[in-house]
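Chain IDs A, B and C follow the sequence of writing; residue 1 opens each chain.
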Amino acid sequence: MTESVSEIREGDVRVWPKLRRHRLAMASLVIVLLMTLTCFAAPLIAPFDFDAIDLANIRQAPSLAHWMGTDDLGRDLLTRVLFGGRVSILIGLLAAVFGTAMGTLVGALGGFYGGRLDGVLMRITDVAYAIPTLPLLIILSSYTRATGLSMAMIIGLLSWMATARVVRGEVLSIKQMLYVEAARGLGASNFHIITRQILPNALGPIVVGATLAVGYAIILESSLSFLGLGVQPPTPTWGNLLMDAQSTMATKPWLTIFPGLAILLVVLSVNFIGDGLQDALDPTGRAR
Amino acid sequence: MSATAHNQLAGGEVLCRVENLTKHFPVRRGFLRRQVGAIQAIDGISFDVFAGETLGLVGESGSGKSTTGRSMLQLERPTSGRILFNGTDLTLLSAVGLRQTRQNMQMIFQDPYASLNPRMRVGAIIREPLDIHDIGDKSTRNATVVELLEMVGLNGGHAKQFPHEFSGGQRQRVGIARALATRPKFIVADEPISALDVSIQAQIVNLLADLKDELGLTYLFIAHDLSMVRHLSDRVAVMYLGRIVEMGACADVFDRALHPYTQALISAIPVPDPGRRTRRQETVLHSDMPNPAAPPPGCRFHTRCPLATDLCRREEPEYRDLGNDATSHHVACHYAGQSPQTTVQARS
Amino acid sequence: MPLLDVRNLSTVFHTPSGDVHAVNDVSYSLQAGESLGIVGESGSGKSVGALSLIGLVPPPGKVEHGRIEFQDRDILKLQKSELQRLRGRRIGMVFQDPMTSLNPVLSVGYQLAEALRWHMDMNETDARKQVIETLRVVGIAHAEERLLDFPHQFSGGQRQRIMIAMAIICRPDLLIADEPTTALDVTVQAQIVDLIKALQQEFGMAVIWITHDLALVAGIVDRVAVMYAGSLIEYGSVDTIFTKAAHPYTQCLLRSMPGRESAERGRLYSIEGNPPDLRRQTEGCPFAPRCSQSVELCLADRPSLGPATGAHCVACWQATAQ
């Protein structure tokens, strides 16, 4: 017997209207979209070439000619930040997609089938979790050719575990739902149940995990580049821009601030979007 | 007596036969999850469901009635026993064979709020069985969905909406439409009205009765509301702790109950008559349902039975037919039909 | 002087999709030792009304309007701390689901003693005696040995008895039971009903029994209040309601109950349509769209609770016209 109180709070499953109400998430969405668009449009809109060395104008503070100043070799920082964004954001997105896909596969299979398969998958997950990420990343990246794609794959390979755990939990609880049993009673195959009944309802944590993974991947990539690994100069990434600026943090702060701000802005916005999505995807409307 | 009861007498066709059905749920403890015991949800029950009848199945929590319904549809794999549907033993079917048979037997679930996928539109929910079994093509499927919606008292336009936009009664209608999509012959209704408001329950019960006549369905109507079961069913089986304790035509079981548990159930039904405040003929049971993992020895009901004797504590009563030539009336009690109703009130 | 006097109570939920008028101008009163059954379906406002009485309406709900006089004090005007002293001490409440109402990680004895410590300032020994006595009174066998047991070690019926024990342990003057038997088996329900009746006799408590089951209240209460869509639509003694119900909704409820005798396999009487959307406050009677006796006046103007005959009140234009 439903109480009128819970009926009042029962939620709408349509995601977009609920997301629209979350102002922080919407603002962040706009910011991320803008940044992504401008970065990917870099070849068209950047004022200079990213490797255009101009020794006459080295280490310039931000000015009208160079909105973000120039670096040690006179290269325009704005251009480099834009081009760097292409790489960093792309790696972030790809890595998130890889990691989420893998994690969802592992979690869904383990959660749905249970038993020994689940045991094995979860032990693999535990072991993978226990491996220290950064050292392994460092080792792996020194063995492969550091293209954006290989970086994305490596980072994805090392970040799927959280998604796997979360998805497994969701699948375990959704599996008990009456509508899943109803589908089984209709004669649905396991594949049908997982893809049409369970996963759409587990979408919440999956999507939230994916957005957070983007931020995580960008930071990881930046850390790698900062350490001199990963994508190598002259191709700029936000991380190797920071590496270049290491020695001059105090004297020429703009070289550190702008790439740092870019990273901060994207990761923060992506996290806020994740927040908003979590509330929007929660059908009970109880979250807020 | 209704037409179907006549049917049964005249050796009516058995649509579904349950033979010695048993379902135990293992209780696992410890690090290695070893089995330390079992919850005996159903313990060796047998009965027939005749084509065209409504068989009511009543009992309280722990009686095993829901498990029985689900086992019949193979939503639970029985631990032992056979389930014959139209002569085919369901327990022996392969996954493919089972899927085929599922078109003929469907379920209506108790909770209209949980049995519909909240992220699917109502039309998709009703169309799902057609998709699964590859019945018809896209346009005919959509037409069927509209037809089904109208059959259950909604309209075609509702197909685009989500479950949360409907009330409990309407959602249950959607569940019924979904169950009818593959034109099944046999429907297990597992407490279809318990979660609904009183004024809506009557609507749904009427709908179920109409659909049965229109489509020639056979129902297994599982419920704990005895009045509704009586209204809708031809025959009724009463379950307690995994066993059937009494079974027969509705009129016989309700008016001339032979088993003390049945008598207690009937007398516990609230009577909408303030004049009957001092219940005269009443059997109020003491204590609570025993643990299904450790059912009492002898007659399972003896711990709560006002008539229990040493015999009851030692020996399981036989399930015998005390009916006459015309109808069967099975009871499992050493003292069936021997004592009148007594008034017993005891605290646990 | 009535023990409880509710006047024009209105509770509204301010949700993003609109204001839900869960309780709409409800008034009734209760004498000491009397029992009242509040009957209604989901959305009728019966539970929210009860929660409003003791200030437990969850946000975004708020009691917007009205007076609730309990023992000559307006509860709605009390400070939070005064209200807390009232709850448990003078007003006990039993909820529907004993599984979630009892704390699973605290022993039963501790939870019961908690109420005593908080309200009555008793010492250990006296509290223990009171707890054991109360458990005995509600029918828990071997109470003394079971003080250290946890809720999951009891059956559903026993847990509900423990809930009742918690509600009455300070010997309150008013017991509010919100669907206390809905989640229980019918045989256990009969036991709990008898228990509450006996307790009411023994301690002289007033009882408000909230349920959707009209048949259930027939045997337990003195007066019945029927609610629909947040409004109180009929109010009278239990005999009057069952024999001379004046409101069409009450009449429908009574008629849609399947009879106990061997009825013919006819159709059950059912009420057309669905319960209304509480977000839209209608101009007229909330039941009018579903009422077979409604006329234009019913849709235009909301009837108020007027006397049909003496202590029997009905909110219906048709009923009061006769």
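Assume contacts are C-beta pairs under 8 Å (C-beta built on N, C-alpha and C of every residue); 3 or more make two chains touch, one makes a residue touch a chain.
Quick caveat, the model's predicted, so the values are computed rather than measured.
Seen from the Cα centre of subunit C, the chain whose own Cα centre is farthest off is A.
No other two chains have as many C-beta pairs in contact as B-C. Averaging Cα coordinates per chain places subunit A and subunit B 50 Å apart. For the pair subunit B and subunit C, the distance between mean C-alpha positions equals 31 Å. Under the contact definition stated at the top, the residues of subunit B that touch 2 or more other chains are 168, 197. Residue numbers of subunit C whose C-beta contacts span two or more other chains: 42, 212. For subunit A, the set of residues touching two or more other chains reads 1-2. Against subunit A, in their complex, subunit B makes its touches with residues 73, 75, 98-100, 102-103, 106-107, 109-111, 113-120, 128-129, 132-133, 162, 164, 168, 175, 178, 182, 195, 197. If you check the complex, the residues on subunit A that touch subunit B are 1-2, 10-14, 177-179, 181-189, 192, 196-197, 200-201, 203, 283.
The touching residues of subunit C, counted against subunit B in their complex, run 41-42, 139-141, 155-158, 185-191, 194, 212-216, 218-219, 238-239, 242, 252-254, 256-260, 262-263, 265, 267-271, 274-275. Touching subunit C in their complex are the following residues of subunit B: 2, 60-61, 167-170, 197-203, 205-206, 209, 224, 226-228, 230-231, 250-251, 254-255, 264-265, 267-277, 279, 284-286, 288-289, 345, 347-348.
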